[in-house]
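Paired with chain B in one complex and with chain C in the other, chain A is shared by the two complexes that follow.
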Partner chain A sequence: MTGSSFLTQVLALARRSTVRTMRQPAVIISALFFPMMFFSINASGLDAASKIPGFPTDSYLDFAFAFPLIQASLFGAITAGSDLARDIESGFFDRLSLTPMRPVSLLGGMLAGVVALGLLQGVVFLTIGLLMGVDISSGLGGMFVIVLLTVLVALGFGGIGAILAIRTGSVEAVESAFPLFFVAIFLSSINLPRDLIEQDWFRFIATINPISYLVEGIRSLVITGWDPQALALGFGFAGAIVIVAIGGAAASLRTRVA
Partner chain B sequence: MGGFFQVAWAVAARQVYKYFTNPAFLAPALFPLFFFVAFAGGLTSVGDVPGFEYAAGYIAFQYVWALLQAVSMGGAFTGFSIAGDFENGFARRLMLAASNRYGIILGYTMASLVRATMTGTLVTVIALLTGMPISGGFDFFGLIALAVLANIAATLFGAGVAMLLRTQQAGPVIRTPIFLVLFLAPVFVPLSLLTGWIEAVARLNPFTHILQAARGFLAGDPTSVASAFTISAILILVLALWAVYGLRRAEKAG
Partner chain C sequence: MGQERGIEVENLVREFRKGPRAVDGIDLRVEPGEVYGFLGPNGAGKSTTVLMLTTLLPPTSGTATVAGYDIVKEGPQVRASIGAALQEAALDPFLTGREHLHLQAALHGLSRKERRRRGQELLERVGLEEAADRRVRGYSGGMKRRLDLALALVHSPRILFLDEPTTGLDPQSRSALWAEVSRLAREDGVTVFLTTQYLEEADVLADRVGIIDRGKIVAEDTPEVLKAEIGRPSVEATPAERSERDAVVRVLSEFGEEIPAQPGAVAVRLSGGAAGLADVVRALDKENVRVANLRLDEPSLDDVFLAKTGRSLEGAGDDDEMDEAQA
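Up next, the complex of A and B:
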């Protein structure tokens, strides 16, 4: 199989994945509305936290802006994982394996859909955030990097969603992983900087939780400007998650079609 | 009248049996527990914000919200059960057999209270293990009373929606408003420290009065008690009418 035909297959399945998502307005609305709703409530409700001595900014809105981007990536991963699991449950995946189309194209198509949704969410949230008064210290260049990191995070989470879908072949199993993802987001430095977390056990969990570094990478562009260390850690962890997750998904796929 | 209570007992007994034969009956406690751990663990330093005055401390401050969330979500999950009963045909048979259909609503509400007792106890045990003090003494019973009323109100709301829509797809319609009411209250800091739109919304939110009174009971400093119980009673009355309306629509639908 040539590279161009593989690309054609991926594009065809990415188009199918995107059209299917677009035909479910509830999915789009959930993916855009809920993260912004939580952001808005958290940012307003915790505004007083910016008065804690040592808090890195005087605006909790700026501090919390990473939240909708990370949460949206999670929603996208669950949606994409569920769609892939549905393809397995409905037999589409088995029918596909009888055609010359390579099953890995299905994975590629699904991940392309995740990237498209992540891109849409990144741009929409950035626009809404700016309208709400979020001040991006790193300027226009930083906004592009925020969207890039968001897409990378979405791709990594999408890979984890794909592993769950391929290994279980069950929509219910993928959906039931949602609380675990959600817990992982909150057990990070999403609500407060790690040095201001008083409980030792929580600070320890937040420190070993890779999501803290994804959050801090995005956050640094909003409240600090260009912070090479935070960005290196953010992109480093995002890249590692992408490699491990997509590698795991590809290995799971080989096992399923074997 | 005898038929009313007979039906209520029968429905409650079946529902409670279903709970205890399915470990998922504790599911409504999962999110409140998780939020409790995340907020009480990760946000303790918010209690150091100037003007944050709550004698029992930040863990207790978050526990009250988690408890009320657990019992309210217990009510919502009972709504999911009712919707499931309509989908699998049980509710239709129940409506045909019941000598007094209003007893069905009471039965589900009684079962929901049993579930709320279990989930509320679980949240309380976890909170005590993490070092939450109970400084209110007998006032703690005031907190429990408010939790019971919150559970009844949420159950009646869930029952009304479930009977109106009669499908498990009604889940988000039940869950989302309850979630919004819970979050649009002083979750992280007292009302006096809220600013902007959230302050205005929280002041209008009836749940805010219940939350403030419940926190006062735990700290041994009861506040807004009369307004909290009055609001709870009004909510239950209105939502009971809502549940009856849902039941009548279900009757009409056959």
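Up next, the complex of A and C:
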């Protein structure tokens, strides 16, 4: 018996990952509904913030549009991480490990599912955002870049979810990390520009928090247009998270699958 | 690969932190085409041994080869040569039976056409054609076990590991699985390493049996030889009246040593073999001892276990602290 090609393995595992996600309507609904709900609440409740002198736009709706995209990426990562941990707990991971599957294929398959969900979320949120009146300053090209950056962020968060799953092998451990991620999002520039955050400690944390730069990369395409510095930082941090997270996940997998 | 190889294990040990030796220096050899029954109570070390032999758990020390490949140094080759249905039927509740088979076949490198053909063939073989396109979460325990077996066979492995394949199954599903395992060994020449805590299962399926207790193999041979080693059948008599128990003990003790019996009954191992039963009946009659029940028992694997460990296999693992699932 010869082993299957890397691509065949990744495609088979990606198909499984996508099919099982699509067959869980609750997961899809949560992934689409909750980020938009938070977005709507924030946009209406914090609209007055746009009157603060120095606020970069007069529409808080535009400013807040990065939030559902980042939060959705987090949802996708937690879902994927939980699925992987569930596979480990149930023994399905062992079943896969007993095939000639390369460990990195498992990661590829899982992350392909994350990318698929990230794409779906990006397109849906963009459509709903436009219908709600979000004005994308960078135009159609910017919309593609927003989806691309969202997918990259999802991939990076997915890698972190995978590390947690592989290292702990526990659904509970992965899901308990969700609030920490959530706090990390709120300790960024997600709700206010960094230079308008009054508290020094908060501004400092937001400045060293990579999520701020992911948010600002997406936000720049919405409210500024094409801002090379914001995009370079956004893609730079997203790329770095992807490399570190997926590298770490791959290393953890190699340890688990002897 | 050239000459077919089975399983060879030498002084295999597995220790867990803060725990006893789950597997304590076992040696065994399974010939190609043989069905080897690995019998023992819960926590005896059966599943830990299977996890090591299937490369899912590294041994602490010792060596083992499966299909001629070293389990530590040649993991991928071992995995390509074996199929395994582990203790829990590990399935994805959101996939159908057919999707499971196609996924497994794709990972084993079967072409798209071959995946469909092999998937259908296995679904028919394990009797799951009708349920093939239903999600697994709706399957019964027996159906999951049968799918589990089919998945282990996707790539036509020469060596099959079955870890307690019938635990929790109803008698009908158990018989169906036994029939398929027998067929695989007899017709396809597959080497089967079967762990079980059921004496009858080992007796029916296994060419040879290894009995493991507290991490050590305490006996190993064909079921017939092991039982013959214990030797003689036993006779158990239940007195008609409780007051006649002493008389029954007195009569039976002339025919062999007393052994544990059901409550209220008296049992002895017949030193003269089964032929001594007629003499027992005559002696009881001569002494005017009335018995409500008289039973001749051939030695069982439980007797072998009892003789080797001083405990009965039934419930022997109940007080064992070690949980093999933690392996």
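The rule we apply is simple: the second predicted complex is superposed on the first by the 254 of 258 C-alpha atoms of A that agree within 3 Å, B and C clash if a C-alpha of one lies under 4 Å from a C-alpha of the other, contacts with A are read in each partner's own complex, and residues count from 1 in each chain.
Simple rule for what comes next: contacts are C-beta pairs under 8 Å (C-beta built on N, C-alpha and C of every residue); 3 or more make two chains touch, one makes a residue touch a chain.
Keep in mind it's a predicted model, so treat the numbers as computed, not measured.
K.L.:
Once chain A of both complexes is superposed, is A:186 in touch with chain B (first), chain C (second), both, or neither?
P.N.:
Once the two structures are laid over each other on A, A:186 reaches chain B alone.
K.L.:
Now for A:124: first (chain B), second (chain C), both, or neither, which partner does it touch?
P.N.:
neither
K.L.:
Quick one: classify A:95 as touching chain B (first), chain C (second), both or neither.
P.N.:
The second partner, chain C, only.
K.L.:
List the residues of chain A that touch chain B in one complex and chain C in the other.
P.N.:
On chain A, the chain B and chain C contacts do not overlap at all.
K.L.:
For chain C, which residues are in contact with chain A within the complex?
P.N.:
Result: residues 54-56, 58, 72, 75-76, 79-80, 82-84, 86-88, 90-92, 94-95, 99, 102-104, 106-110, 135, 151, 155-156 of chain C touch chain A.
K.L.:
For the complex, which residues does chain A have touching chain C?
P.N.:
1-5, 8-9, 11-13, 15-16, 19-20, 23-24, 87, 90-92, 94-101, 258
K.L.:
Which residues of chain A touch chain B once you look at their complex with the stated criterion?
P.N.:
Within the complex, chain A touches chain B at residues 41-42, 44-49, 51-53, 179, 182-183, 186-187, 191-192, 196-199, 201-202, 206.
K.L.:
Residue numbers of chain B touching chain A in their complex, please.
P.N.:
Against chain A, the touching part of chain B is residues 30-31, 34-35, 37-39, 41-46, 48-52, 183-184, 186-189, 193-198.
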